[in-house]
Amino acid sequence: MSILPLASELTKTPLDQFGQDPWWVIALKAFFIFLILVLLTLFNIWFERRVVARMQHRVGPNVHGPFGLLQSLADGVKLALKEDIIPKAADKVVFLLAPVIATVPAFITWAVIPLGPEVNFFGHRTPLQLTDMPVAVLFMLAIASIGIYGIVLGGWSSGSTYSLLGGLRSSAQMISYEVAMGLALVAVFLYAGSMSTSEIVFAQDRLWFGLILMPSFVIYMISMVGETNRAPFDLPEAEGELVGGFHTEYSSLKFALFFLAEYINLATVSAIATTLFLGGWAAPWGVENVWDGANSGYWPLLWFFGKVFIFIFMFVWLRGSLPRMRYDQFMALGWKVLIPVSLAWTVAVATIRVISLEGNINRTYLVAAIAVLLVVTVALMFVGEGKGEEAEAEVEEREEPHDAFAGGFPVPPMPAGGAVRGAAAPLSFATGRTTVTASAEENHE
Amino acid sequence: MLTVLILLPLVGAVVTAFVPGALARLVGLGFAAATLVAGIAAATQYDAGGGMQLTETHTWIEALGVHYALGVDGLGLLMVLLTVVLVPIVLLAGWRESEAEGNGGAKAFFAWTLALEAMSLAVFTATDVLLFYVVFEATLIPAYFLIGGFGRAGRGRAATKFLIYQLAGGLVMLASVIGLYVVSANSGTPSFLLSDLAALDIDPITQRWLFAGFFIAFAIKAPMFPVHTWLADTTEKATPGTSVLLVCILDKIGTFGMLRFCLGLLPDASQWATPVVVVLALVSIIYGALVAIGQDDVLRLIGLTSLSHFGFIVLGIFVFSSTGGTGAILYMVNHGIATALMFLVAGFLIQRTGTASIRAMGGVEKTAPVLAGFFLVAGLAACGLPGLSPFVSELMVIIAAFEHHWLVGSVAVLAIVLAAFYALWMYQRTMTGPALTGVAPVVDLDRREVGIVAPLLLALVLFGFYPMPLLDVINPVVHDTLAGVGVAQEGGHQ
Amino acid sequence: MELYTPILALALIATGFAVFSVIMSAVVGPKRYNRAKLDSYECGIEPTPQPVGGGRFPVKYFITAMLFIVFDIEIIFLYPWAVHFDAMRLFGLVEMVLFIATVFVAYAYVWRRGGLDWD
Amino acid sequence: MTEYVVLSAILFTIGCVGVLTRRNALVVFMCVELMLNACNLAFVAFARQHGNLDGQIAAFFVMVVAAAEVVIGLAIIMTIFRTRRSASVDDASLLKY
Amino acid sequence: MTEFVKPSVEYFELWPLLVVFGVACLGVVVEAFAPRGARYVAQVVLSLGGLVAALVGVVLVARDVQTYDDGAARGVLAIGGTIAIDGPSLFIWGLVLALAIGGVLLFAERHLDGGVSAFAGQASAVPGTDAETAAIAANREHTEVYPLMMFAVFGMMLFPAANDLLTMFVGLEVLSLPLYLLSGLARRRRLLSQEAALKYFLLGAFSSGFFLYGAALIYGYAGSMDFAAINEAVRNDVGSSSLLLIGTGLLSVGLLFKVGAVPFQAWTPDVYQGAPTPVTAFMAAGTKVAAFGAIMRLFYVALGADRWSWQPMLWIIAVLSMFVGAALAITQSDIKRLLAYSSVAHTGFILTGVLGLQATDQLALGEISSVQAVLFYLTTYGFATIGAFAVVSLVRDSGGETTAIDRWAGLGKESPVVAAVFAFFLLAMAGIPLTSGFVGKLAVFSVALAAGAWPVVVAAVIASIVAAFLYIRVIKVMYFDEPVGDGPRVAYPSVLTATTIAVGAAVTLALGVLPGPVLDLAAVAGEFIR
């Protein structure tokens, strides 16, 4: 029943470069990535403020340092000097742990992002990428979703209603959009035939997936905005409704960490988009025709971050121009549009792939597949906003204090038929065992 | 032929259950009579030569080698006759009281009785071990509802006790039946046919296990000493009619089975077990008699007397002499008749006095001489007065017992004395003496009742003086059986 | 294994940094006690002792979570399928279409019953 | 590989003990999940040892089943929790005889 | 990279499975799109249709199964050897489908409770809240139960046919999960029902965890989950036997839990009592059948060579189950609990049959094999059980179903027919001749005895005496005890329940009087593919 070949057999050439670095190279690379991310964050914050300011015909921060470049650094220092508050209601340990949990994964994700090809790294040849593995992208998604824990835990441990709701919302929306994102990636793997980032980059040497898999690309871009809780999907921090959302109760550097994590994620998703859809560090076509050194040495860093910044600018642009969505619309978009569409697209891609792979295709199979697909989509079309059906799934939100043991069971009126219905004879349990107050704590343990 | 014999009452039961109440009794009686006729017809076709006759065999469950196989030898025939004769009498006796207060109603009584008759007939005619087992267990259901449905307060409990005892016995027997199956399977193709099984030679150890299974079952059925306790309760609570069916027909299955299976299939083991069995038999004889003496409840007393009588029968079977065997079989018939008479008369008596307590009776003979007369005869029959049929059989058994071992014989004789004691003492306490004050004088038997019990009385006297026809039928059976067991023959005594 | 050690290195650095800053904020920052400051924030009004419903929240979130699990599982199966699609070709396509269709049935049910609607 | 199996055994035992000792239905439930994941670990470890993929595939299916169990389990626990306002197993005592 | 080999999918042989699964999915679609009014009818028709179609499929497949290569068994291995469609599988499929049809009929019964089914109007609504009352006023009912049940049936068919541990596990879960939900959906005594669901779920998940870990260990031992491969490994005794031993133990924990064998019977009474009676009927019958199929396949096919390590364990468990089941049943005051414990006892009896010889070469000519015996027993037990529970759902008082035994007093007078039928089922369970139960017992005992397991048989006989007592006790209550209060009321069922009961009784009688055909059928079913 072994349908899949051995895991180790997945590896092809590009992967072999990895895992031979001496320890100091590893250490250095890791440190550089860390440095880059921190600096990138500081830069991004400044960048965002400037751009948004421009869009709103303001100047934006321009005092500290050239063009106010040091503004965000100053903010950071200021935050460090603020009092660090732990609310009474908070669950101390988790409250302290949450920012860490939120931040660390954000950094780690970058470990598998290819910044460039093999280069001479202090006299040692090594790719500009900390490491890579057959399941790199899966790894990224996994780590990224750990970050969600940081947020939901932070929200829950603050012991404040706003934080709780904020945390829930953000986790809900992150998982919702993670599905769409994951489905969008399937097409990429299907064409790259691998999940290792470096191989995916190599697989795009001729044509970027962003172009041939446009729908996936679009879906990914939408869902990545949702994934990072950025405008117009920044409902978790909807100041209007939830004050600060999950980090309402956080102050000083702990708050800074959340902030940091958010901006790193911003960069991360952009980097992933670059890697999977825009050919990673490869120079735009045409460039290497005029100048063949473009894809060697440290130059690819330029292309890579160039592409990344395009995405980041887009983020800023969205924030500058779009209003915040309503929560239900937002969820509806995620669940009712993105997911079905990406599913359908995945099947379509697979079909195309099959046709292209084997020219003479058994029509019956194809027809069957398409028929199923059609049925599915048609079914989807029929599903309007289920009129009146919602009521069924609408589960009783109101938990009015009611002792479930008073008689134990609902006692409805006798129907016209005079048949006995509804209530059972109060059995042995007429006596209440639990009281309402006792239960409130129990569900925490 | 035999199938018809079995089906008649079965159909009768179903029909009776569905015809309107008033008609039910007549219909039921009709079917019982028809069965009686059929039985006699079967008897006429039987020639005394011995061996299985009127046989018919059909495959039933192929996978298990089970057959639907019927047939009668002398023993079976007598039992069949006993059954077909007693049932109509019981029905007549139960004519009125079956619809008495708190009872299941005459219809149910008749239907169940017929069902019971059908099952017992099947038992007596089955020549396939599994078929025998099936009907053997099946008799319990009608019996259960008869006991539980009719009679005196507390009958439900008595019925349950009865059923549990019987089922326990049955299941133990089932183990042995399966054992037989496995043995026969190991020696070729499995089969449950008596003939095939008799052909097997089973190694002694296995035989003893199987024997134990069968014997326990039959000992429970024909109550023997350690496992008799259900009997007294049942007879006490149930109606006399039911008791007749139980004691005079069903319990015969026990001794019948001992002859058929224990001796027929497992001769070596039977001989091996003889000492124990004989001792048990003696204990039941004495114990039954002694306990009977002390009883206050008439029906209970009668029940216990038959415990002692069954002791005699088993004794007769297990002394392995043609005398004993013949005596035992003869005893089975006579005991059937005598005890039936006793139960019925006692039933009439209880109907009149409204109590079964001996202490509460007295001086009946003054107002009801006929009843008293019947009662006396029945009692004397029980204690084996010469001239009444039980005497012959009892005598033969005791002779055989002496042949077996003088000690055994003497103990058996002692039992007769006790029997005389309890029978006469009971008569004296109930019938003689001053009529009780304050209670209405007991009216005498009316025509119907006399009509019911008269045939039994006649049979007692007839077979008392002229047991020949019975013996003719019995001897071949005994001969064959003993031949199977391998005991030296010395022609049938008369 | 050595593919993963670099990640460990990066993780160490990141964790170190994060923990360091959490501690720093506790050390460096000033401490000025003020009862109101330690209350959980509720726009200035007297805060409720517990979050509403004692930390319980709308069932909707459970439903979303369950749906997420379902689709995540689907994705788990889609990835290896996609990676080795070229080997399986038509067979793979048909089977996966059946699989997706099956999941889609459940999805349609949830949708119709309003499982996807938020108020 | 052995150490992974041992680890999985330990995890399994922890989950097992948890199920038997803990009182909160949700916690019991999590312990069950822990057991399932211990199985996954064992499967993958053995797969590595035998050099075939059956174990890894098994892990996939186990994940599916675990997910299904989560969904159904949460549904049941939630319903009873809403009915009687507590998730303690001890409270579910109507069926003792 | 290892070349991908396309597994062959035997669509014809798999037809019954596929139909059931397809119908289940269709049922969900119906739930999604059909207007509420139409659902009830649609679902019932759909389910029945599907089941009948599947049954027909089973017959067709069974008609032309070829002998498998070595000749001992007949059938095919489907989907790369993951599913074995052989004689026993087909027999069990047929049985499960037949029982499932009965189950659907019971589910669809609406006359007993004043025009509503036995299921909660809206499971998610808290009893006593407005939503609940609204749901009841709107006369809602969960038609989802039909798809759920179909999924369960699918699991019940996959479980015994699975030919490797993984598929078996999946089957186990597919069979269990819907049942967890179904048992929580009672319309009356909601809390009781929900608690039943909770206990069933927690314990069930727990046990399946054991099964899974056992599977993992066996895989670690044999390096494959395929039964044939495991058998090979056992025969050649590769790897550490301790892995094998522990693995076997854990696996059997999982399976024995499903059949409710002592010491894993704890859930049985609670669930049987709490679940809606139709569900109990379906579950009690179906689960046992499927699970025993799986047990036999696992122990005979995969671990057959290791017979001596698991047989003693089964001996003990069989004896324990019979005695504990019978003994505890006597102490019960609730008819459903009583039946539950009696089912535990029956598990013991069936296990007795499992202990017999299974390979025809070990048997004398014409002797029955233990597969045959067990299959027959399962048939008898299945029909008797579903019938008995159907009768239970009829007996009511003002508070709905009345399951307290002492409230059943006087049923014999209140409704002779119902009482008679129930008594008949009880007698069948007690194993009285002329009922199917007797032949079943006869079969399993004889195979066990033939295999030399005489201590177990002796124990079984004693246990059946104890068991007989408790059945007779119930009969006594029904017929000879004075009714308490106004006594029980018998609700008049629609044709649906009536049919189920009638068929159950008919089969029980027929198998008691003429067991030949079914025994032969089971014999034809023959052996597992090994």
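To keep things simple, chains are lettered A, B, C, D and E as they appear, and every chain counts its residues starting from 1.
By our rule, a contact is a pair of C-beta atoms (placed from the backbone, for glycine too) under 8 Å apart; a residue touches a chain by one contact, two chains touch by 3 or more.
Heads up on the chains, UniProt names are A = NADH-quinone oxidoreductase subunit H; B = NADH-quinone oxidoreductase subunit M; C = NADH-quinone oxidoreductase subunit A; D = NADH-quinone oxidoreductase subunit K; E = NADH-quinone oxidoreductase subunit N.
These numbers come from a predicted model, not from an experiment.
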item: Farthest-lying chain, centroid of Cα atoms versus that of chain D; value: B
item: Most central chain, Cα average position; value: E
item: Chains most often in contact, by C-beta pairs; value: A-C
item: Chain B and chain C: spacing of chain centres that average the CA atoms, whole Å; value: 82
item: Separation of mean Cα positions, chain B and chain A [Å, integer]; value: 89
item: Whole-Å gap separating chain A and chain C, where each centre is the average of the chain's CA atoms; value: 9
item: Between chain D and chain A, distance of the C-alpha-averaged centres to the nearest whole Å; value: 27
item: Junction residues of chain C, two or more chains touched; value: 59, 65, 72, 84, 88, 108, 111-113
item: For chain D, residues contacting two or more additional chains; value: 52, 54, 57, 75, 82-84, 94
item: Residues of chain E touching at least two other chains; value: 1, 4, 29, 32-33, 124, 126-127, 166, 190-192, 225
item: Residue ranges of chain C touching chain E (in the complex, touch as defined); value: 59, 84, 87-88, 91, 102, 105-106, 108-109, 111-113
item: Residues of chain A that touch chain C when the two form their complex; value: 3-5, 10, 18-21, 26-27, 29-31, 33-34, 80-90, 96, 99-100, 103-104, 106-108, 110-112, 130-133, 138, 156, 158-165, 168, 172, 175-176, 178-179, 182-183, 185-187, 189-190, 193-195, 243, 248-249, 252-254, 256-257, 327-328, 331-332, 335-336, 339-340, 343, 346-347, 350-351, 353-354, 357-358, 361-362, 365, 368-369, 372-373, 375-376, 379-380, 383, 385-386, 389-395, 397, 399, 440-441, 443-444
item: For the chain E and chain C complex, residues of the former touching the latter; value: 1, 3-4, 6, 25, 28-29, 31-33, 124
item: Chain A partner contacts - residues on chain C that touch it in the complex; value: 2-7, 9-11, 13-15, 17-19, 21-22, 24-26, 28-32, 37-43, 47-59, 61, 63-65, 67-68, 71-72, 75, 78-80, 82-86, 88-90, 92-94, 96-98, 100-101, 104, 107-108, 110-119
item: Residue numbers on chain E that touch chain B, as the complex places them; value: 364-368, 372, 427, 430-434, 438-439, 441-443, 445-446, 449-450, 457-458, 461, 464-465, 468-469, 472-473, 476, 479-481, 514-516, 519-520, 523
